[in-house]
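Given below, in the form of structure tokens, are the structures.
Same chain, two partners: chain A is paired with chain B first, then with chain C.
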Partner chain A sequence: MYGLDYFFMQGANGLVIGCLYALMALGLTLIFSVLKVVNFAHGEFYMIGGYMSYFLVTLVGGVNPFLGVLFGMVVLLVIGSTFDYLFLRPMHRGEVDRPGEYAILLTFGLSFFLQNLVLAVAGPFPHRTPSFMEGGVRIGAISISADRLIAAGLALALMLALLTFIKLSWTGMAMRAVSQDQDAASVAGINPLRMSNIAFAIGAALAGASGALIAPIFGIVPDVGVLPSIRSFIIVVLGGMGSIKGAILGGIIIGLVESMGAAFIPDMSRALAYRQLYGLMIFVIVLLFRPRGLFGEAQ
Partner chain B sequence: MKHIGLRKGILFVGLILGGALVPVFVESSYWLHVFTMAYFYGLMAATWSFLDGYAGQFSFANIALLLIAGYTSALLAKHTGLPFLLNLIIGIIASGVIGLFIGYLCLRFKGAYLALFTIAFSEGIRIIINTEHQVTRGPAGLHADAFFDTTSKVPYYYLIFIILVISIFIMYRILRSKWGLFFMAIREDDEVASALGVNIVRYKIIAFVVTSIFCGVAGVFYTHFNQMLTPNFGEIATMGLVIGMAIIGGVENLIAAMLGGILLEFGLESLRELGAWRMVAFGGLLMIVVRFARNGLLAPLYRKLIGEEL
Partner chain C sequence: MRRLVVVLTVICFVCISSTMVVASETKEKEPIKIGVVLPMSPPGAYASGNPMWWAALQAAEEVNEAGGIMGREVVAILGDTRGVPEEARAATERLITKDKVVGVVGNYHSSCALAEIDLFKDHNVPYIGSEPWSDDVTAKGYKQVFRISITNSLYTDITVAWTIAAGFKRVGVIQEITDWGLGVNKQLKAAWDEAGIKNETAFTDMKTEDFTETLVRFNQWDPPADMFFGSITGPGAFRIIKQAYDMGFSPSKKTVFYATNSCLNPEVWEVAGKAAQYIVVTQIGLPPSAYTEVTKRENEKFEKKYGRMMNATVMEAYDSFMLMCEAIKKAGSTDPDKMIDALENIKWTGMRGEYYFPYGSKNPVPADKPAYMWHQWPDVSEYLFQYTEVGQKPEDGTVIWPPKWSQLPKGQYFVPVK
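Here is the complex of A and B:
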């Protein structure tokens, strides 16, 4: 029913979109590994990233769309750092009962707050940031728009930059130390509160970058972040909570599964809707049979 | 002890009498509608308090369970000739069975994993209802028969009022029994609870099934009251409202969570002209309450007035 070309096409699209999924999931897994918090506002960080880039590029006018992405990331660094400082710090200090629930409630409350704030300010109608670049690339039967390629390329570059930062910089090493053993890290002179704050801010900025990069491709509405956030949960559970390698590989796997999986359902509108459910099925299977995911540490 | 009983008696009888007399004083059908929806949200907030506040299971699935009951009942009414009441009962059983299934899965998922699973499950249910429009009529919404052959809001008011009183009574009795103690032991630390001889498998599943049945009750009421059910109602935002109401009222106290649901729905309805900004305020209030008043706003008041946790 579908030719080989179709599979190549879907495969290429899956890889490209998978890079963007991976970027967002990387933020989630970074936050989890350092703070031990599942960020339920991750989808809203993604959404805010898209809106910030849209506001800067269209309202100010004449601004390069690439600067829009940067602006989105900076805004989210500020939001992430402020939120962690105001709301999560008592939890890091061990001052709250049932910290797991506390973190879910606060990040979920933030997601509710941000989603409605954007709805109140920008209205329910979809917006689209201008393209990074018109046109596209064609290799054989595969054609991909320039926007998608640029978005995926920038996502890869950001991921590489983050990996280098975590691997080589002092702050990156300190964050890894906190993620392994908070007490031992503080004995070694690292301030875990500060590292948590940085990790949350960077994680938020990565979600924002992903949203800003996708905004020219899919457009944005206030609840645009709901499905991407669930997808990120699925990716980090698949890859292993807190595993950076897992988030990147998981993102690409889910991107491919969604693109290729659509080919198995003949009805077009069903195929589009149900590719979300493939992820859900993977999620349940992983949770049941390998809860630590592909690269997670055993609990 | 005697005084506690007396104070509770005064509070409960006062609430029930007050509720029973509302239609005598309120004639506007708009406000009766608001009362009805407020009681509906009170019931939903109580179901969430039952599961999270007592058994410590953080679930996003309550609204999805409500949709399952509502759609089951409305679809049965459309395609079969079963008696109306039987449709409702089958709907409620359907959400109870799905609740059993989630409860069974949750034995393996703890904390954030359960929240992640239930949020994905809810979105899955919503996507299926949205997509299978030949059966569910998709985003356009499924029509459902009315309970009563009248346009008056008074019978609906009394129906939800009686449902609420009976449901809260049953949940209250369960939580005051030794089951309630087992739930709280599981909430505090399920491994310790298990070591002390609490059958955690059994009580976690019981907590899920009881919650799901009451979500189902709320679901069939909502469906046949509004005479319309749409998958949009199953968006995470609705669950956010329910969770926020329970938390702001006081999630570790069933009565406070219920009152939180009733009062906040009133608040949101009276501020309707503010549009989306009232939800911004609601989200902000939720965050501030969690950060600075973890027990909620009404639960400490209840404790002060009554002198007991529940």
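Here is the complex of A and C:
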């Protein structure tokens, strides 16, 4: 029989991991809400964020791992913006016959390209960015590693910053306008192409940030983004396609459900093996009763 | 007119004959192609597959520097299995039917080897398994299939013997769900149950990132686990060490951490850091004290070229490739039946000892021996060692098992955490 301490310990772990899930899913949902593109290379953006942080911190001596996170974000901001400008802009301009299929094939292609490029350049062996802070933190009965706590704290800060930006800044409001109605936004003097570019770049940077935050905890390999990417799709649909608060809440729900499932399913031999399944079950249940997701809007 | 016909016929005959001679000579000079099937890209264990491929290339290079085989160049042709059985089968089929390889070596994942062996049988192509551990690979008794790696059963015997000798009473396991993992776990569980060792296993996908919840569960045991087995290969093998250590579970004074041979890679120190100090690791090969001349020479060469030492898995790739070349040399032909016959009668010393296959078509596996001994190298050595310093190389670790190689005082079976 497990006590309350055990419950809080597992809950805290789920909450911390959920914050990191949410940050990644937030990038995906932002891209979808403004560009109406499902970015299949999101996991690879996450992976590159981790590698960029690793390279900066380990190859340039004495660099603080926090700067590694910032560097990962900046690189992904540039990659995201460039990719959108070169490859997605023709789609926004209506120069592509079947934009939906075009975007899927393009982001799929980018995903394979990036994964194999990193495999060729960085090699097949796993790496880990040095810790933000060694050791653990004890809050009452809850003991958690300092790296996880810092990563979750930074993820929360980034999510808060994005929400503020979207809500209060002119660019944020313009992005929201484009996500609601591109034509109306254009009439109001907003450049949808520019907003799409900014949204894609920020979305990629958020994936890069979550990869860089996770790198000291789980380490990095060229295919490290595959599982988080699938999980992000689940979170985005669970929270409601294109909903920012849905992505945040969805991420935390999935983190908690996975954690509690692995901790409390009585059959220990299966509890960990079905970790991904617990999130999927919640996902199916929510979709059964609320097909638009938690915060999705009717089409 | 008749004379003209005779002259023309003779000219035609000469032309055709000379063309046939040239063609046959060209064929004789054609390179000998040997297929190497390995996981080189995700989702397979590409961190193991890549250095194994480099070892096969090193072997091919050496054979060619020595003049090739029968005056012909030897070429290693890669088949990327990606660790996925259906892709492994497709890559093997391509190697056999398109590239026309005369033999195939390699494999890291048992599931891939099991998906391929029917092709070796159907196309009559000799195969030497470098690293697939599942008993079934050779237990099927295919005349084309040989293996130089350890088997699940042999591995289990050694692990269980050590846990019993060390007096462990409670063991926790996190086990990856693969053909290898499920096979090993089944045998370990049966042996531990028989020995009265309480054991519990949590199965997991190889890609799982976070094991924290399950490690916390194990850490709740009262009395605590004497040993924890993180039976995961690939990057997960490093993550689980760090996560178990960070929460104070294992390696610790109360719980020994037993890891897979993925932790022979130097990256274990980068990813797990000081958490890897005191972990027990299994090494399938000779301890440094028993290295052959070939082991030392090839290791030096490999380190110079690739900046890292060969671990047992990489040595297996080198040895299996060389062994296939030796079989061709011995057979004096690339005829599969002659090569298989040569392999059944071979005696060749590689990096991990002298290779031979005692059981085969002329000497079937006796009833009192397990079926996997068919075409199985029987002298696969395995030892357990413990990293006692941070950043230590595997060969500098303390050998703790078996007793004949142990560096510990008699009656001691592991180095306690300080």
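Methods note: the second predicted complex is superposed on the first by the 276 of 299 C-alpha atoms of A that agree within 3 Å, B and C clash if a C-alpha of one lies under 4 Å from a C-alpha of the other, contacts with A are read in each partner's own complex, and residues count from 1 in each chain.
Here is the rule we use: a contact is a pair of C-beta atoms (placed from the backbone, for glycine too) under 8 Å apart; a residue touches a chain by one contact, two chains touch by 3 or more.
In this text, all values refer to a predicted model and were calculated from it rather than measured experimentally.
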Are chain B and chain C a fit on chain A, or do they clash, once the structures share the same frame?
clash
Using the touch definition from the top, say if A:S143 reaches chain B (first), chain C (second), both or neither.
second
Partner chain(s) touched by A:R128 [first = chain B, second = chain C, both, neither]:
second
Is A:L227 touching the first partner chain B, the second partner chain C, both, or neither of them?
both
Name the contact category of A:S269: first (chain B only), second (chain C only), both, or neither.
both
For A:L280 in the superposed arrangement: first (chain B), second (chain C), both or neither?
first
By the touch definition at the top of the document, which applies to A:I202: first (chain B), second (chain C), both, or neither?
neither
Mind working out whether A:V257 is in touch with chain B, chain C, both or neither, as first, second, both or neither?
neither
Classify the contacts of A:N116 with the two partner chains as first (chain B alone), second (chain C alone), both, or neither.
both
I need the one stretch of chain B that runs into chain C once the two models are overlaid. Options are 60-68, 132-140, 240-248 or 258-266.
132-140
Set of chain A residues, in rising order, touched by both chain B and chain C:
115-116, 119, 223, 226-227, 269-270, 273, 276
In the complex, the residues of chain B that touch chain A are 52, 56, 58, 105, 108-109, 111-113, 115-117, 119-121, 123-124, 127-128, 130-131, 187, 235-237, 240, 243-244, 247, 275-277, 279-280, 282-284, 286-287, 290-291, 294
Given the complex with chain B, which residues does chain A contribute to the contact?
38, 40, 86-87, 90, 96-98, 100-106, 108-117, 119-120, 223, 226-227, 230, 233-234, 237, 269-270, 273-274, 276-277, 279-280, 283-284, 287-288, 291
Inside the complex, what are the residues of chain C that reach chain A?
40-43, 46-47, 49-50, 174, 177, 200-205, 207-214, 216-217, 220, 235, 238-239, 246-248, 265, 267, 270-271, 273
Chain C partner contacts - residues on chain A that touch it in the complex
2, 6, 9-10, 13, 17, 115-116, 119, 123-128, 136, 143, 145, 214, 218-219, 221-224, 226-227, 259, 262-263, 268-273, 275-276
